[in-house]
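Shared between the two complexes below is chain A, which pairs with chain B and chain C, respectively.
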Partner chain A sequence: MSDVLRRREIPVAIAFVIGLLLLVEYFVAVPEMTAVARTIQSWGVVFAAMALGVGALTLGAYYYGHIRRRTPGTWYLCLWSLLVMVLTITIGVLGTTRHPMYIWLYSNIYFPLSATTVSLLGYFVVSAAFRAFRARNVESALLLLTAIIVMLANIPYGRVIWSGFEAVSAWVLNVVNLGAFRGIQLGIAVGGIMVGIRRLVGR
Partner chain B sequence: MLVTGRVFQLVLLVVAVLFIYITWRRSKSGVLPKIREIAGLEAINDAVGRAVETGRPVMVNVGWGGIVDALKSQQTFAGIDVLSHVAKLTAKYKVPLIVPAAEAASVPLIEATVYESYLAEGCPDAYKAENIRYLTDLQWSWVSGTLGMIKREKPAANMMFGYFGGDTIMHSETGQAVGAIQIAGTAEIGYVPFFVIACDFALIGEELFAAGAYVTRNAERLSVIVSEDYFRIVLLGIIVIGVLAAIAGYSIVPLITT
Partner chain C sequence: MKGSESGLTAKIRSNQPQVIYGLLLIFIIVPILYPIAVPMAVTEDTKKLYDFVEKLRDGSLVVVDGGVTVGWWPEMQPGAAAISQHLFNRPVRIIFIAFIEDTSILLHQMLTGPLIDKKGKKYGVDYVELGFMAGGEAGMAAFARDFHAVLKSDYYGEPIDTLPIMKDAVNAKSLALWIPLGGWEVEWALRQVGPHGTPIGCVSLAGNVPGFKPFLATGQLVGLLNSVKGGAEYEILMKKPGLGAVYMGGISLSHIVTIALVILGNVIYFVSRGKVKKEK
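This part shows the complex of A and B:
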């Protein structure tokens, strides 16, 4: 029995039937089919929520393993993460996400930390730009030149140097860049459709 | 019966399925379709080889798109295709493989993919579940966790294939700082330049979707890439007809939005 349940064809068949149903529902307007599709989509949300619980357990087990083994440089961070995770889940489940303490945790811990991580982006961009914007060959020289023009067009001082920067930058962005962008986007869309069809038939 | 505005989309979908079927039938003969070389994918073996030499792990990141969101999931699936290949290599050469997962729902799929790869290489005992690490579903918390992981574990190879956003530069710069060979690809075209400047190899646009078939060299999968090209030719034909019609004073927009 367990061998039958482990067969790959079963999940593939389920995915195919559900995928096909949702696909047909997108093209054909039948109220009954729409209702079934909505129910299936609701199941998807429920499954994702269940997976979140499983994810929390997996994460907890991972942290616990490090704490138990006293992994140097890691165990106390894991302990802290585990404590914060348990505290947040407990308050969120018992008091809902509108509980003042939950809101305090979100506003004073999660949000500032998240904003700090995003802020680091500036430093990473500068360090990457420092390495990238070097005229090592023709392509990188062109990249450097284009970047300088676009940057100068976006700062007030650039217009003081030469009023034409804005027009050149607009041409680069709206003609050269946009043409290439749309071409690549078209290729990506086709690739995505084909991957979708391949996944649908389990290949 | 058919939803207004989606008839032409349906026609295109049928054409795409037909192309896949025709090329798939052709692939049954066992002849590998010829596709151009993708340097980034060719470098995967070397990157794993470097991990073997240095004794450091390999990190494969499939992005934070997850598998629930229909638009982002295609990229995650493409990333998982490459992950499957890399996992086979790490299993074969006994190199630790670390996967930081960003969406809880995708964790079972990633775990199963890696485990099946280890099983296929005949060493399921080498599979370590604790190396498939679910962090969080929130983008910046996941980024923070992944960056810490790169700093601590110092992977010899850092591969990123999937949906990435503004975090692209953070991952690739941190990988660069620890001296990892970096191969990356995303279909988020606005963020590809960051991978291009900070990684050793970058896949551009639809190369990500071709990656799974390319690395496995599976005739059936490669045939899908060929069908993509046929489909693109059809789309190019429609664009040319549209342009000619516009020059002649007609519009094909009402036809394709039927």
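This part shows the complex of A and C:
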């Protein structure tokens, strides 16, 4: 029995039937099929919510493994993360996410830490641009010039320097960039269809 | 290429991060603490979204869908606040929902904070907070198809069937506009809400804007706010400068510093290269 359950064909077959049904229903409006698709999508939402719980358990197991092995330089950070995770989940589950303590943790710990992490990107990008953004050949010179024009057009001081920056930047974004992105997106779409078909047939 | 640079460049390479970080910090913080008024032009993409909201019929239903993780919220907040305020100014009904777990609290804090004046609109009648809905893109697809089938209660745990606003809000077809806030959230909306015929206008992270240009050209997006800049432009259209205008001061000066540093880096590079060639 366990061998049958472990076989790859079963999940592939389920994915194929459900995937095909949702795909056909997207293009063909048959009321019976729509009702089934609606139910399946509702299941999808429930599964996704359950996946959040599974994610928390997996992360907890990962942290626990490091703590148990006393991994040098890591275990105490894992212990701290695990404690904070358990505390946040406990408050959220028992007191809902509207509980003042949950909101406090969210606003005063999670928010500043996340915002700081993201903001650091700006510093790294500027530092990297200073070190590496060189007009070494015609292509990189063009890239450099375009970047400077778009940046100047993005800030109010740009039009103080020259009112034409906005027009040039708009042309770059709406003609050159648009053409390139349209091609990229069409390529991604075709690639996505291929990946979807492969997933459906389990290859 | 490194070999073509002199000792001066190498010296700057090794010592520059602290100087650059310090410079940036000063040029970001000072204009935020002491805002400088700078004349700004309003781009076409922002104007289109503003005009679309202005032309919404009385009683129209609009979804504002928060879709950024908390770290990106400072970039998204000016635009989110400006467009939400515009919607509260207009005689339309607003549904706030989040498909990313972080955003339901952020939206709630925005709505209950000083940035938004609700103009006497009543909760449950004129606007509602539906909180977080799991499932990502699949969740959005299910929600767009049938609001009531997949969501039973609002942010406060009240059954949504008891809320007057939700009587008319059945599915994406009931809406006059869907406004996703974020990056990939916009793509989800284009794929899952657009096919229902619902107009979509977005507030986007700056890095995603080039990728959304094709959708503006085809009309799949009725308008777009470009990050903080878009928020500041929207504030200009509403004649109510706010968070966007303040943030733009820091962003503008940090851009100037970045451009100056890139130019300086290139000058050093060419001077060093010239010296190396001469020595040879």
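Following the convention adopted for this analysis, the second predicted complex is superposed on the first by the 192 of 203 C-alpha atoms of A that agree within 3 Å, B and C clash if a C-alpha of one lies under 4 Å from a C-alpha of the other, contacts with A are read in each partner's own complex, and residues count from 1 in each chain.
Quick note on the criterion: a residue touches a chain if its C-beta (ideal position, glycine included) is under 8 Å from a C-beta of that chain, and two chains touch if they have at least 3 such contacts.
The model shown is predicted, which means the values in this text are computed figures rather than measured ones.
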Touched partner set for A:151, first chain B, second chain C, both or neither: second
Which of chain B and chain C A:166 touches, first, second, both or neither: second
Chain B versus chain C as contact partner of A:36, first or second or both or neither: neither
Touched partner set for A:130, first chain B, second chain C, both or neither: second
Which superposed partner A:195 touches (first chain B, second chain C, both, neither): first
Touched partner set for A:117, first chain B, second chain C, both or neither: both
First, second, both or neither for A:105, with chain B first and chain C second: neither
Partner chain in contact with A:12 - chain B first, chain C second, else both or neither: neither
Contacts of A:79 with chain B and chain C, given as first, second, both or neither: neither
Intersection of the chain A residues that touch chain B with those that touch chain C: 26, 44, 47-48, 52, 110, 114, 117-118, 127, 129, 131, 181, 185
Interface residues, chain A side, partner chain C - complex: 26, 38, 41-42, 44-45, 47-49, 52, 96-98, 103, 106-107, 110-111, 114-115, 117-119, 122-123, 126-127, 129-131, 133-136, 144, 147-148, 151-152, 154-157, 159-160, 166, 170, 173-174, 177-178, 181-182, 185
Complex contacts: residues of chain C adjacent to chain A: 1, 13, 16-17, 20-21, 24, 38-41, 43-44, 69-74, 101, 104-105, 109, 132-136, 138-139, 141-142, 145-146, 149-150, 155-157, 195, 209-211, 213-214, 217, 229, 248, 251-252, 254-259, 261-266, 269
Touching residues on chain A, where the partner in the complex is chain B: 26-30, 44, 47-48, 51-56, 58-59, 61-62, 65, 73-74, 110, 113-114, 117-118, 120-121, 124-125, 127-129, 131-132, 181, 184-188, 190-199, 203
Contact set on chain B toward chain A in their complex: 1-3, 6, 9-10, 13, 16-17, 20, 24, 68, 74-75, 77-78, 101, 103-105, 107-108, 130, 133-135, 137-138, 140-141, 143-144, 152, 166, 169-170, 172-174, 187, 189, 194, 197-198, 204-206, 208-210, 220-221, 224-225, 227-228, 231-232, 235
